[in-house]
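In the two assemblies presented below, chain A is common to both, partnered first by chain B and then by chain C.
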Partner chain A sequence: MNMHDITVKHGQELRMTRPDDGIRRGDPLLVVDNISLSFGGVKAITDISFDILKGEIRAIIGPNGAGKTSMLNVINGFYHPQEGTITFRGEKRSKMRTHEAANQGIARTFQNIALFKGMSVLDNIMTGRITLMNRNMAWQALWRGPAEREEIEHRQAVEHIIDFLEIEHIRKTPVGRLPYGLQKRVELGRALAAEPALLLLDEPMAGMNLEEKEDMSRYILDVNQQFGTTIALIEHDMGVVMDLSDRVVVLDYGRKIGDGTPDEVRGNQDVIDAYLGVSHDD
Partner chain B sequence: MNAQARAIVSGEKGARVSGGPDTFPKYLLLNAKRFADRPAMRHKTFGIWQSWTWSELTAEIRAFSMGLESLGLKRGEKVAIVGQNRPRLYWAFAAVQAIGAIPVPVYADSVAEEMVYVLNHAEVAFAICQDQEQVDKVLSMGDSVPTLRKVLYDEVRGLRDYDHTNLHPIDGVEAMGEAEYEANGDTTWVRHIEAGKGEDLAVMLYTSGTTGKPKGVMLSFDNLTISALNGNAFDRLDANEETLAYLPLAWVGDHIFSYAQHYTAGYCVCCPESPGTVDADRREIAPTYFFAPPRVFESILTAVMVQMEDAGRVKKRMFDYFMAHARKVGEQILNGDSVGFGDRVKYWLGGIFVYGPLKNRMGMTRLKVGYTAGEAIGPEIFRFFRSLGLNLKQLYGQTEASVYISAQPDGEIRADTVGTPCPDVEIQIAENGEVLYRSPGVFVGYYKNDAATKETKTKDGWVHTGDAGFFDQDGHLKIIDRAKDVGKLNSGDLFAPKYIENKLKFFPNIKEAVSFGDGRDYCAAFVNIDLTSVGNWAERNNISYASYQELAQHPRVYEMIQEHVDEVNRDLASEEMMAGSQIRRFLVLHKELDADDGELTRTQKVRRSFIAERYAPLIEALYDGSKEKYVETEVVFEDGRKGRISATVEIRDMKDHPPSFTPTGQAAGHQEAAQ
Partner chain C sequence: MLYREAGDFKTTYRSDQQTFPIKSERWLFWAFIAFAFLVVPFFINDYWNKAVFMPLLIYCMAALGLNILVGYAGQVSLGTGGFMAVGAFACYKLMTAFPWMDMFTVTVLSGVVTAGVGILFGLPSLRIKGFYLAVATLAAQFFLVWMFNKFPWFYNYSASGQITAPERTIFGVAVTGANTTPWATYVFGLVLVFVFAWVARNLTRGRIGRSWMAIRDMDIAAEIIGVSPLQAKLSAFAVSSFYIGMAGSMLFANYLGAAEVTEAFGIDKSFLVLFMVIIGGLGSILGSFLGAAFLVLLPVLLKNIMVDQFGWATDLAAHVQIMLIGGLIIFFLIAEPHGLAQLWRLTKEKLRLWPFPY
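Moving on to the complex of A and B:
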């Protein structure tokens, strides 16, 4: 029926091919312990500890400059904290580069979209598979035998993601020509393509209108439900955070001021103060 | 006129052979034999076209159907089908009909409240939904549809954590059916199918009532199979066709083209990947039989034109050159008229350089028959497609007629008629100009609404269309307007406002038009300019303007509109019925007609009575001979603020063209011949 005899049964689901790490749902996947990070004299993060449980949606919130993005950058190995430890999948990790974090199964999206603007949606998402590809450049350049088979497999996985995010109509459109909301979705697609154990989303809904926010919330929930992906997200829209997340960490001026379920956090006086803009004396 | 008006015009004898299958499930079993290995359906998923042959399709539908029976679906019960064009929703039709139950497709984009009405009215027992969105809508109805027992869905996504007591994935239902088939075979199922008869109710289609609640049109298997067979014969459709199913399931057109004809002719129906990919999917499939409302053709043409504007100089010139040639001879070649050798060679070259690639781009390379219906299509758009050698035709149909009332036979195509009566269809024009028809496709009745049935369908089977029309000189039916809008000029001539307005609106410079004349001495019109188009023209001609109002009142704009009106008049003069209602006076409105001001409906239709009231002084001015008129109007801005705009509007007089039609006689002869 088609060139390569791939039979994709209708309704078949996207499988996550990463080997099982032995961590059960509900056990800590990532533990951040007493992390401090400073740039010269500026302390971005001070002595923060929290954990992310497998299978949950964990939100990190806080006012501007609270250190949320720095925290995400620490988790995915872009910044190296001066103090404290990070344990991912039960392994304490030392200084790590970003691609090592990616290889370990951490994927992320960015506050300011970081896609390849001139490439199509399909190719952009395909780049997310790079850590899963085994053939070297020479094989891929030849594109015969194993490399061809490999590409077909990956393309199939990417097509599942395209279907999942309902972006079939822009499959071949260069990303630069897409509206902002769709670019955000493509970025999520690229992160998903890595089949991450932990997905970091940096303000996935910034600058979106209500409808786009609703769509994105739906996708985040579906990713979590269907693939069991653990998600840590930074978001400003409190309504979205409270609806989506299982647990919330609240940062303010680089410190943790609250941690718990959305309801607990909502009742926390420190959090209310921080969000109401009460002046800081410290 | 009366004697002629009461004449009945009939189409050819139909193609129905006695003894053939009379229900769709029977056709399914037949197709599984006669077309076993031929493709029956395709669906693009995960970027690849998946296909089912007729025998695979039969196995799927059998499993689905037997699963439905295991779930407790019984003969005579109704099943709602809610969703877009997905293979399984099409299978649901036959799966439900095989048991003797009745499918009721529902518009997928209708909101929960509208859906509640239909599901309640139809007393559905099951609902088969596409995805979470539709399931949510159906479940949100809760107890307001007491007859509803089971809800089925196609796409699992997001539904995993729902309560599955009465909610079932189609996968699961098919598995149940498959298990039943393996355990006990399909003898009971086949017996169910054989118990079905042609006069049984096949489907209920709810018409979107513009006034009042939707009505459930009941169509029998005989209605649908005979109409479909006649349609197949009329256009010589067979098992080799491929079509793209992209119009709403609940619409009778889709039910005929993507289901009834699909089963009777045995051709292949392709379901697009998603609504957003229809254009790309059409290009990949290149359907041989294609149906679209005028707006689809319009948007295809616009896309082509926009792309050509961006094309390089050489390409652009080549396009312009060969398109001019196509306009000259393309249609004649398509109609089989004699065309000079030189012109033919040039047209052939054009095919290689322009028409071929263009058709490929539009996904129409293999097009055998294309139809447009639903509303009037602009003659320019129609001609564009036909000049490329695409056999685009017009059709006039209704849900109550199982679509076919009249259609254009090959080679007798004109932009402004809807053709001759379809096979087995009889048409007559009532005293008031209303079109009546009688055919084997005429519906059984409206569900639980005898009053409406009696109003629409006479005792001897004639159905009132509600549309006014007439047969032209060549025996082609012309639809002019809704019957209730048609009036008479004081001279006794027919006045059909929409017919005249459509003619005006086909000019890109005219956005909207309102014509007057009922009970008056002559026809007059308001014209709204199209700001984009006229603005563009003004820019190219160095005409400066500060506002819409200023542009609308510009003398050169008036000149341009006057030319358009004159052309419409010349056109009207060539038609026997319309020559009397040429536009004598017109004015260009100082403001755009707007739904916010209540002048248009939300679907952009003119609200005549409201406009007549609001612009009464202007209308009077059209008839009292004045050259201009001062007018002040209240407007509502988008943010809800109100303001007033005033203007002195110029009124221009037009000259009548002498009638230029060939007098009747010929037409009467044609009609007698047809009888």
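Moving on to the complex of A and C:
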């Protein structure tokens, strides 16, 4: 690898394939408007509105069962809210299937790792690029020619991600054999491989030790700054949340109780009450 | 010595992702292929062709197909016998309707017809999985066999209900019917298996193969990163049935010559091919070959040893053989649940360091 490759490997090369949506940094990328979601009689989310601006790191926090993961599932089309609208990249979204959200540029990681256990690290991350690959079955069967060229092109992009996440040594290892922290990193890699416009991270640091948390925080900041990826993350570690995020939205019992910069949220009495468990009738 | 990767540097992604990354392995493979193509045809006789090579090639093809569905895409199927019947009857109808058509075209088109039927019976997989899907495909097995018995159009209203393969040629050489020579059917089968094993390898290593494996390993995550379950599952059913249909067509036209559907394509075929795939190794092309070889060659070997060497009675030998093979299957599944392919993989790991393991 020559010097040129090294200088461009973080960033520029990764941001070509998705068409530009014309949204400038700082304009709303995703607007959630009066969303309500219930399962039978259980109300998971009640009347929540917020927005995610392009280029920011937006944290969603709240006590257990507050509806954070449900919110992410609504955003990437896995749950369909009964009321409210979601506008992504300026387009109001109708009822869609989950893989269509991926096609629009939303990628995510999961609370409990959802890697493909039987596949190698490389194959897992390559699978992340599935929405960007389009050679049909006939070319694939032939392999030589277009299919192979496409494969190598995407392999190059994937190798940049592997480089970025510092997992070169395990690229051919089946993910089932890796320790937890590395699996989390591979999962981030798989989500990054899709070159998402919006990256959803569901508790990226759950169950990690301090060192692993610091590593992961660094990767999240780097992804945000070098690739310019907009990130929405759920996290329980308040120190991490307050340090990483530009703005925070706080949920409790499916309602929004706070929204603003980390400092604003920290001073919000409702938020303090929700976290400390103050009784509401005094 | 035998198996060394030291000094075998990969400087391009292309050479890094080739099928046989290690030089000695590549040599072994091509030597084997050269032997199969250039040596065997000159020494093959009727016994070897009928007892060993044709069944081996046919079941390799069927196991390849089923491995794509069960091993790569994770969709359990017990309908293999039924799909082989579709291939056989499609072959028969094509041979009789278009007598001028050469046998390669007929076999591939039989596969295409079976792929269509496979997609149809794959539709339930969009809603159900696991054991429930196995039961749904079992229904396909019984339905298809019933259908080919019920409607005389499929067997051209023949009195016996059998289908009989007329003589068809490739480049003037008969590969079906009474006038075939052992080497002709062997080479015909070998070319088909070689070409389509290569195709299977190509399909499984690229985008489509990864979408199958993603659906197998975690379907919800696969969908969230952009795999369409509809496309992935139905394409797996289509490709798998394509292979199984060709295997059925070869079994009928090139091997049996005449077939009766209940007898030739019963549920036992479904199980036999499924066992091959499980013993050989799920999700491995090599595994399909090893599994087919295990279950085709071992009975022949055992029979030869017991009847010809020990002079046992044929019926006794047949029973002992069933018991031995059953026992061996259980032994292998306990010793190595991931199949013969995994055993080979472990051997290679050991060989890399041999004879100095530290």
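FYI, the second predicted complex is superposed on the first by the 262 of 282 C-alpha atoms of A that agree within 3 Å, B and C clash if a C-alpha of one lies under 4 Å from a C-alpha of the other, contacts with A are read in each partner's own complex, and residues count from 1 in each chain.
In the analysis below, contacts are C-beta pairs under 8 Å (C-beta built on N, C-alpha and C of every residue); 3 or more make two chains touch, one makes a residue touch a chain.
Please read these numbers as outputs of a predicted model, since none were measured by experiment.
Undergrad: Quick one: is A:103 in contact with chain B, with chain C, with both, or with neither? Answer first, second, both or neither.
TA: second
Undergrad: Once the shared chain is lined up, is A:34 touching chain B (first), chain C (second), both, or neither of them?
TA: Neither partner.
Undergrad: Could you tell me if A:209 is touching chain B, chain C, both of them or neither one (first, second, both, neither)?
TA: A:209 sits against neither chain B nor chain C.
Undergrad: Which partner reaches more residues of chain A, chain B or chain C?
TA: C
Undergrad: Please work out whether A:226 is in contact with chain B alone, chain C alone, both, or neither, and reply first, second, both or neither.
TA: A:226: touches chain B, not chain C.
Undergrad: May I ask you to decide whether A:137 touches chain B, chain C, both, or neither, giving the answer as first, second, both or neither?
TA: second
Undergrad: Which partner chains sit in contact with A:152 here, chain B, chain C, both or neither? Use first/second/both/neither.
TA: second
Undergrad: Is A:218 touching the first partner chain B, the second partner chain C, both, or neither of them?
TA: Once the two structures are laid over each other on A, A:218 reaches chain B alone.
Undergrad: Once the structures are superposed on A, label A:269 by its partner contacts, choosing first (chain B), second (chain C), both or neither.
TA: In the superposition, A:269 touches no partner, neither chain B nor chain C.
Undergrad: Both chain B and chain C touch chain A; at which residues?
TA: On chain A, the overlap between the chain B and chain C contacts is residues 155-156, 159.
Undergrad: Provide the residue numbers of chain A that touch chain C in the complex, in ascending order.
TA: Residues in contact with chain C: 76, 78, 97-99, 101-103, 107-108, 110, 114-119, 123, 126-128, 130-131, 133, 135, 137, 140-143, 147-148, 150-152, 155-156, 159, 190-191, 194.
Undergrad: Once bound in the complex, which stretches of chain C touch chain A?
TA: 13-14, 17, 199, 202-203, 205-208, 210-211, 213-214, 216-218, 220-229, 235, 239, 283
Undergrad: Which residues of chain A touch chain B in the complex?
TA: Listed in rising order, the residues of chain A that touch chain B are 1-2, 6, 8, 10-11, 13, 155-156, 159-160, 162-164, 166, 168-171, 218, 221-222, 225-226.
Undergrad: Touching residues of chain B toward chain A in the complex: what are they?
TA: Result: residues 43, 45-51, 87, 154-158, 160-161, 171, 273-274, 276-277, 280 of chain B touch chain A.
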